[in-house]
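A, B, C, D, E and F label the chains in the order they appear, each numbered from 1.
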């Protein structure tokens, strides 16, 4: 089991979601974050107060996957999130010791295998 | 040391916090996230624009615990966050190499052992 | 490769960013979170409804670094984020299996080495 | 009381009128007042909308806006006539239905210095805000379609008759009610109380904290309500005269006094002056001065403002503990504020200021009796009428939403919208259905 | 039509005037009306600003506020004269430029019971809101400096001539347009349509869902627009008289009816009554009743309100599918609402209510012809004029922003601000440049 | 100047009055104006509330709302009398205290065509907004209870005397101040400056960027302020006459001009037209035209609007670098705008437009001297009076909050509320104390 953490541009999120969907990745969690990287800064002025905004809106995806899904997931993200300009983001692959589905108590592989829709 | 990452329904958060409190888990960090899972989608319409909202509000808890607390923490979450309907969320257990308490510089076990109240 | 996850006070964020900058750490991702710890609670009253607010605004930093940067990064955070009062936060060091820069596909060390500005 | 003046009292005021033409000054003030009172309903939408949680903002606001639409149309077609057309002591006739009765010999009728059709608009804004006020007791669980049916029927069969009794020449003409303390506030608050009891509490009531999602909106609503209330009270003089001026000044200072007392009570209790409290106090003070506005002097107004703070302040504290989910405290603010104001109008009415009608302090304690009677009659009729109409409504459509919808929030469930949509994960749906 | 009255029609109304002094009642109403119409432009800023995404909020709002500034100054210096000074049938002269023409013998001129200078302000608020309306079609991609140039020229060379034709004694004086259905709404909507076509769609159009960022703001805008519209329509009577009262009441009930129909259409389509829909309906109803306000009776107003819902409702549904990025549906709401209202004014004009002018239903179908003609002439001139001015503007400054700026959002890119700034990561810049 | 007119100048205007009755037209306008000016204080709450960070929103807004409460009550009990009752040249007497002086022979007194009690309300709204303005210099660190004490005393002992000098027949009656440039704006700004210096800067001043949390609120506040300012300036004519019309039009176009210049200055400096800047410019323009509104012609108003932009624009840029934590630039906007306006009123006063009073450009340069003198006297008295009252207040309660409260934010610390509460982690507290 791995946790794939990807930071992407917000305007690319829908493309990424679609690519993941095609790669049969179903479950994931998304967080609005602010990224700081190699890019240039933006200046904003509010009356006499001038500030540099060094942080940019980004979106973080966290995707728990079993081993066979690691590669396809990464590839789906790489292909859909890339613009080629500074600020495209990063992917981190973290080891996971255990995954549990709260609803059923199922663990690991079973926990990340999607169920038939019908709920929420 | 482990980092327990749990994604739960926002309306269950208070129950989960209470359960964790009873399990003597004190420190944790909470993030508002959006979840995508096996559930069905919601349709919204704004004038001529119709959208599917495939993301649902969830809450992510991150809890750094020492080994003996791993099991009670997971059990507290499982018992308090479950509704039985699709969308209850997941728990991930991640290995942690080191934990440091910023205030004191204490490491690992000591870092996650609560102090007496009185501060913030 | 490691992922350093630090939870700090929002009012200390700028100091931390400056300290990290001086430590030559460039890339990082920031999330607004709510922390629960050993601190005291705040009471708020809205008409007849009185609530205890047990959560405090915090900021989470996630910083992917290569081994040689682990120590300087932690030290930069410790020195810049500390106030000495309860609520200063925690640092977690997590193992990372792989890092990829989305823009270039570069992996690991190369992925977290900053590029020359000019983009975003 | 006052609306009677409409048809029967000659204009005792300034401006010399060319035969048949309106008094342009009073007409100007009544047009401005009507616009001001109309604004109170969107203002209420913000006052209420700020007080609810984020998942029910639009539903709460739409409950007010919908009355502007459905209630407004019902008013012009039928309600106005039931309230103001000649009829029995219980209800008006149909002579003014469908916008009849405003013309004579091919010209717009002028009476009391005003084009009579102004009354259709001015009185309509009162009917609308009254029904909208009720919604504060019902938010978070009522089916929107049921609200549309109920609120429209309520304007026709609860509001219009009571307006007739008090202002249309009916039953309660001995009570003093300058601008609608009983007709509007006590009436709406009683209906809200009954509605909250019939609907039952929200499922999460008592377990989850219901917090306001946007207190600046509450303050915006309170500010705009105050602004609009000048039209409500001073417009109820139906002329730009001394009575309007007195009502205006009282409407400015009474709620100021209520807010002073409320802030001091807050300090006594918690050591903290809450903004939600201050906004609530302003509304309570406005409610309390409404029946009294043109009958009392400025010092009487200050007393009414001060005294009105107490019942509402303490009732709001205990209400949640009673298990009563009058969600936004319509009864605590408008009911108790209205009752206090109605009774104190009988106490503080000052013959010198209002041109002849004495209150209890000037020896006429009988007036207090008339006031109490009017309060009781209105509450009784409003309670029964509301109950009947809720059951009538339920015959067509369930009153409450499904539990699932209540949990998700009424904005998404009933309106298919969120108050503050985010684009993340919003996938455009093409006509054919398309997309992932 | 009405503004002609300004100079030529004697005051048929009440108040006896001392020689030369203004009618204080009508003056009071016109001052209040001017303030109300001025408020409509900030209200529009909220209506539009709530409908856009978070990265373009300030730019959208500034497009309205900028017209208050640049358009206002242009109006007092030149625009008013081009519209209202004696001139040809096509355009007014320069006699009133630079605020001339308001004094006589060292005193402020009074005519028709009003200080004439009131007209400079009242008409100015119309010019401003008209240009501001156009911006809804262009948000999210237009360079702000280009908007400043274009909108100012547009007031002078498109709005002023059309106002002259209809109200200044020019070409179209046979059409009924009580408060500006053609001059304001059809005119602005046509300009918006042309502008949207010339600018082209936003880059993400059709790929990304453009969602409103704050629907309470949309409701606030709609509420304040309704409030202000009473000045717009009832103020267009230019007196506090019966005609103003009728226009007022119609302005209250017609949009109520539009909202009723719209909500029912929403229920039929999705089973959900949307808040954005209700707010839109109110605006459509207000637009539709604008030309008719003083010409039709209340039942005619309800009919116009009801019928106006249909074309706009269905056009808004298909518009995005046409590939037309009229971003905030200026044409669907103001264009179609305006056309429906203009034509139906010819149908429902009621001689008894307005003092003599019959419409189609009373046999005078020719009036419908005049109405259609006015619509076509205004649309044709507005389209051509807008096109020319866009090209003129482009000669000085590109109309569209860079693609990069469109992606980042116009608030940060063009105004150097965010609507809801956060302090995180904001590093103070010292004078010398300093910091990281 | 003008308020003197209240008691002594006969009504030179239109409407023929029945003996003793009010002029309904002027009464209508004064009621509307009073409502408009009252709305300015909630509007200011939004203008200021949007400009502060998220942790101090409610405190900032409450500083304005509290003046509506405490200041309003103090005004009716005592302040009005100190300003307007017959007394010495320095301060009024007690004849009008406790709402005396509005009746004669059991009837409400009418004078100058108006029910005299209107003045109690109209003047009260001025006193309230003036004190509320000061708060902008003090936000983020002042103890709320200290503000309650200070602002109430300030209305009684700084505002009322100055109003007496200028309008109540006192010292400064030679200066032209149509609607309160010195009494309101320069006075409040001086008090703000002194207050900011006495309190000292916020702890994070100069280290952390203080950014506005909600710029749409700033624009909403500016829009509503503009709307209300029509009552402020045109209402100061105390009648619906030519002078009111002129003041109205000037209030519309002068701030438009200021915004034009400000936007151009912004373009010159950064290439970006800021929304906060535009909103600020509108306020600066409104401040500057306030003393001049009825004294100058429209072109003079444009000049005043244009010239007023410069001192404020540049002072706002340097102010933070001076180490002066006049947090929301009360001095830069209201002080400099007010001084510029006061002096230029003496320059541009146009005898033809105002009925006889010439300014410098027409040869009467002495008037500029009176203007400067009035500015200096008001600033001197305001500074000393404010200083004394701050020390008096400090004798009872500390002026500043604890450092810890400043860091947490004044909303949570002083009011026990957050502006935008979230339910996450909010645990209901039962009566007994209960829960985790």
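Odds and ends about this structure:
Note that a residue touches a chain if its C-beta (ideal position, glycine included) is under 8 Å from a C-beta of that chain, and two chains touch if they have at least 3 such contacts.
Predicted model only: the values in this text are computed from it and were never measured.
Any chain bridging chain C and chain D, meaning touching each of them, is among A, B, E, F; the list is complete. Interface note: chain B and chain C, two copies of one sequence, contact each other through mostly non-matching residue numbers (shared numbers fall below half of all numbers used).
Separating the centre of chain B from that of chain D, both taken as means of CA atoms, is a distance of 45 Å. Centre-to-centre spacing of chain A and chain F amounts to 51 Å, using the average Cα coordinate of each chain.
A straight line joining the Cα centres of chain D and chain F is 31 Å long. Looking at chain C, one finds that residues 14, 17, 30-32, 34, 36, 45-46, 49, 51, 54-55, 94-95 touch two or more other chains.
Across the assembly, chain E contributes 15-16, 23-26, 28-29, 32, 113, 208-212, 214, 220, 240, 270, 272, 274, 276, 321, 416-418, 421, 423-428, 436 as residues in contact with two or more other chains. With chains as nodes and touching pairs as edges, the resulting graph is complete, every pair of chains being joined. Chain C contributes residues 2, 5-8, 31-40, 54-56, 58, 60, 74, 77-78, 81-95 to its touches with chain B in the complex. Per the touch definition, chain A reaches chain F in the complex via residues 45-49, 51.
Note for the complex: chain F touches chain D at residues 15-18, 21-29, 31-32, 34-35, 38-39, 41-43, 45-46, 49, 57-58, 61-62, 65-66, 68-73, 76-77, 98-99, 102-103, 106-108, 110, 113-115, 117-118, 120-121, 124-125, 144-145, 148, 214, 217, 220, 240, 411, 414-423, 426-428, 431.
Of all residues in chain D, only 423-427, 436 touch chain A in the complex they form. Interface of chain D with chain F (complex): residues 12-16, 23-26, 28-29, 32, 36, 53, 113, 206-216, 219-220, 222-224, 226-227, 230-231, 234, 239-242, 244-246, 248-249, 252-253, 256-257, 259-260, 263, 267, 270, 272-276, 278-279, 281-282, 297-299, 302, 321, 351-353, 355.
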